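Quick one: the structure is below, questions incoming.
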Amino acid sequence: MPGTYKIVELVGTSPVSFAEAVKAAVAEASKTVRHMDWFEVVEERGRIANGAVQEFQVTIKAGFKIER
Amino acid sequence: MPGTYKIVELVGTSPVSFAEAVKAAVAEASKTVRHMDWFEVVEERGRIANGAVQEFQVTIKAGFKIER
Amino acid sequence: MPGTYKIVELVGTSPVSFAEAVKAAVAEASKTVRHMDWFEVVEERGRIANGAVQEFQVTIKAGFKIER
Amino acid sequence: MPGTYKIVELVGTSPVSFAEAVKAAVAEASKTVRHMDWFEVVEERGRIANGAVQEFQVTIKAGFKIER
Amino acid sequence: MPGTYKIVELVGTSPVSFAEAVKAAVAEASKTVRHMDWFEVVEERGRIANGAVQEFQVTIKAGFKIER
Amino acid sequence: MPGTYKIVELVGTSPVSFAEAVKAAVAEASKTVRHMDWFEVVEERGRIANGAVQEFQVTIKAGFKIER
Amino acid sequence: MPGTYKIVELVGTSPVSFAEAVKAAVAEASKTVRHMDWFEVVEERGRIANGAVQEFQVTIKAGFKIER
Amino acid sequence: MPGTYKIVELVGTSPVSFAEAVKAAVAEASKTVRHMDWFEVVEERGRIANGAVQEFQVTIKAGFKIER
Amino acid sequence: MPGTYKIVELVGTSPVSFAEAVKAAVAEASKTVRHMDWFEVVEERGRIANGAVQEFQVTIKAGFKIER
Amino acid sequence: MPGTYKIVELVGTSPVSFAEAVKAAVAEASKTVRHMDWFEVVEERGRIANGAVQEFQVTIKAGFKIER
Amino acid sequence: MPGTYKIVELVGTSPVSFAEAVKAAVAEASKTVRHMDWFEVVEERGRIANGAVQEFQVTIKAGFKIER
Amino acid sequence: MPGTYKIVELVGTSPVSFAEAVKAAVAEASKTVRHMDWFEVVEERGRIANGAVQEFQVTIKAGFKIER
């Protein structure tokens, strides 16, 4: 992967699973950031209400090549 | 979130996925702990038998408001 | 668990979820490593293409008893 | 410090500072936990609204001797 | 907190305290970043001169919702 | 290990060794917590006086099944 | 260093060494980010092919003053 | 900052706040260590008595240039 | 220590102490791995039954020179 | 990178630099491990003698595809 | 513990156990450092020869009050 | 390595590379500390000016035997 890359940190959310939360973050961010190449998970959290998990939250770092 | 919160550490298990293991821990703990608000994942492990994953185990910290 | 155990580090991949990536790594490794007992997740990453997650990658450590 | 100690994890909040958030958590918890001896800071976070910090949140671990 | 969030990393400085350094970073960043929701402290450092603390420096991560 | 587990954090002390400090914490805690299953060491510290170690202190997390 | 700073995360690459990979990331990023002041290394990785290192990859965080 | 620096680790204490504890450590150490340049916070702890925080304790690393 | 070394990860167990668990892992592994040179402790855990520690478990990394 | 990968941990040494130590480890290991794809640096250490650095030591994790 | 403390980092060694290695480091250091108060374990390593543990090595941080 | 060792923390600087920065720290410190045996890298940072790396800074811990 020659070249220089930038990394952005994102939090995605999903009522279903951690994997869906990652997909949501990548899909939303790809509207403004082009050519994202990889991600890594930084943190997994969530919201609880009425004794049940309401939302999975995943913080990821996503890398993309700096285009000139 | 004004007020003071307490954090409990739990391990949930599921034969299906990490997300299901989190849900199981929250559901079981909510029988005795009221008003849990959020969780964060501390560790993800599992048990293997006969060359296949038998169980996903997720350690979480769950926070709830101290009621007076 | 009396006895001595060895730990191997593996990366499994799946287009679907982190749990499936763990299962894939365990299934593949079990062809040559016998009696794996447990795993723990070390890292969760993935590959992105065309603005969508293409692959979930999970690095695990898996332990098995040293047989004599 | 001979004897056995238990550690509880708490989150205190304050609109003023991290030190005040610690004090609030200790004061509130001391209503039900006796003889707390020490604390250590685990995490410092906060809430932002309208471009200004609204609340400092400090997660601490507090230790107290198990009484028989 | 449904939706997708972005996290920016900032360093605030203050001659007075860590809490003031956080406030300064949030106030300055809010001129260009709208709707910051939360922060977490990453690192606390400072500058010393003539045998006294001259400046408190706090590195924070601040999260805000991606608006469409 | 199907089911849900809770984790408590304890500090044991011993004038002899780290292993004895762990044993002391487990023995004391087992008077009120039933069915502890495993522990992991979080921190090892100690007290010094007159140029010699007076006390070994071990912080552990101990897990036990939530009984209904 | 009075004022507020922003931190960006970059990955530089070089066939020669980690130091050259850092220099490449800083040189490329300086085309769009002005007044970078310092960096810290977050991660060092690389690519291997045909039994030899093909590329050194260094992830850095670089800080620069927010200008008004 | 050309040259070589040495780092010393200190614990400062204050009944008031973490910032005051840092100031106390730097002021005391500057009586024997000249030309300290910067510090970073390693750990924040404290002592509790009678259900209230009695003392804030901050462990810092402080750097100073080696003079010839 | 010129040359290239490989590191293996092992878990040793002992009913007595952490030191004995390390010795057990090294003794067992040395039946198949020659010329181990050093170890470092990665994790210390254990098993509890009937309110007492049954087993100390120590995960170590052990290094040995690659022989040609 | 579909498929399953294994990770080995290696220590390379060089009298010259950290980059050369990585190259040495990869070159030596490639004599028995085929198709290594990537590495990441785990630790950088070294040996000192007569007041000068004699050897740079780099611990890496290297990943390669499991071939069937 | 009002006042300011300094922390020194030491490595003790013992052919017997980790606890003995800590005791050795404290006993040796107390010949030149007065009034050491506490220690914490930073790292546990050791040397292996002929397939057996030859030496336990423990790195500790030890704190003592700065006397005027 | 029987005996007791002390560890000092140093920051070396170089305009050329991380390896040169380590060498500079060791060479400078060896003027007052005798018999340094090993080092480990704690942190790698640097200074940027005019869009280019001006200085590599490496924080190391260096160990030496306590002589009587």
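Think of it as A, B, C, D, E, F, G, H, I, J, K and L in the order they're written, each chain with its own count starting at 1.
The rule is simple: contacts are C-beta pairs under 8 Å (C-beta built on N, C-alpha and C of every residue); 3 or more make two chains touch, one makes a residue touch a chain.
Nothing here was measured: the structure is a model prediction, and the numbers come from that model.
Undergrad: On the document's contact criterion, could you list the chains that touch chain B and likewise touch chain L?
TA: Joint contacts: the list comes back empty.
Undergrad: Quickly list, by label, the chains bordering both chain D and chain G.
TA: Neighbours common to chain D and chain G are E.
Undergrad: Taking touch as defined above, what minimum step count separates chain I and chain L?
TA: Counted as steps through touching chains, the separation is 2.
Undergrad: Where centres are the averaged C-alpha coordinates, which chain has the largest centre distance to chain D?
TA: J
Undergrad: From the mean C-alpha coordinate of chain F to that of chain K, what's the distance rounded to whole Å?
TA: 22
Undergrad: How many Å are there between the centre of chain A and the centre of chain L, using C-alpha atoms for each centre?
TA: A distance of 38 Å separates the two centres.
Undergrad: Express in whole angstrom the distance between the two chain centres, defined as the mean CA positions of chain F and chain H.
TA: For chain F versus chain H, the centre distance works out to 31 Å.
Undergrad: Multi-chain contacts only, two chains or more: what residues does chain G have there?
TA: 8-9, 17-19, 31, 47
Undergrad: Taking all chains into account, which pairs touch?
TA: So the chains that touch one another pair up as A-B, A-C, A-E, A-G, B-C, B-D, B-F, C-I, C-J, D-E, D-F, D-H, E-G, E-H, F-I, F-K, G-J, G-L, H-K, H-L, I-J, I-K, J-L, K-L.
Undergrad: Give every residue of chain B touching chain C within the complex, in rising order.
TA: It comes out as residues 16-19, 43-49, 51-53, 56.
Undergrad: Could you list, by residue number, the parts of chain E that touch chain D in their complex?
TA: 17-19, 22-23, 26-27, 30-31, 36-41, 62
Undergrad: Give the list of chain H residues in touch with chain K in this complex.
TA: Contacts found on chain H: 8-13, 24-25, 28-29, 31-32, 47, 55, 57, 59.
Undergrad: Tell me, which parts of chain G touch chain E in their complex?
TA: 1-9, 61, 63, 66, 68
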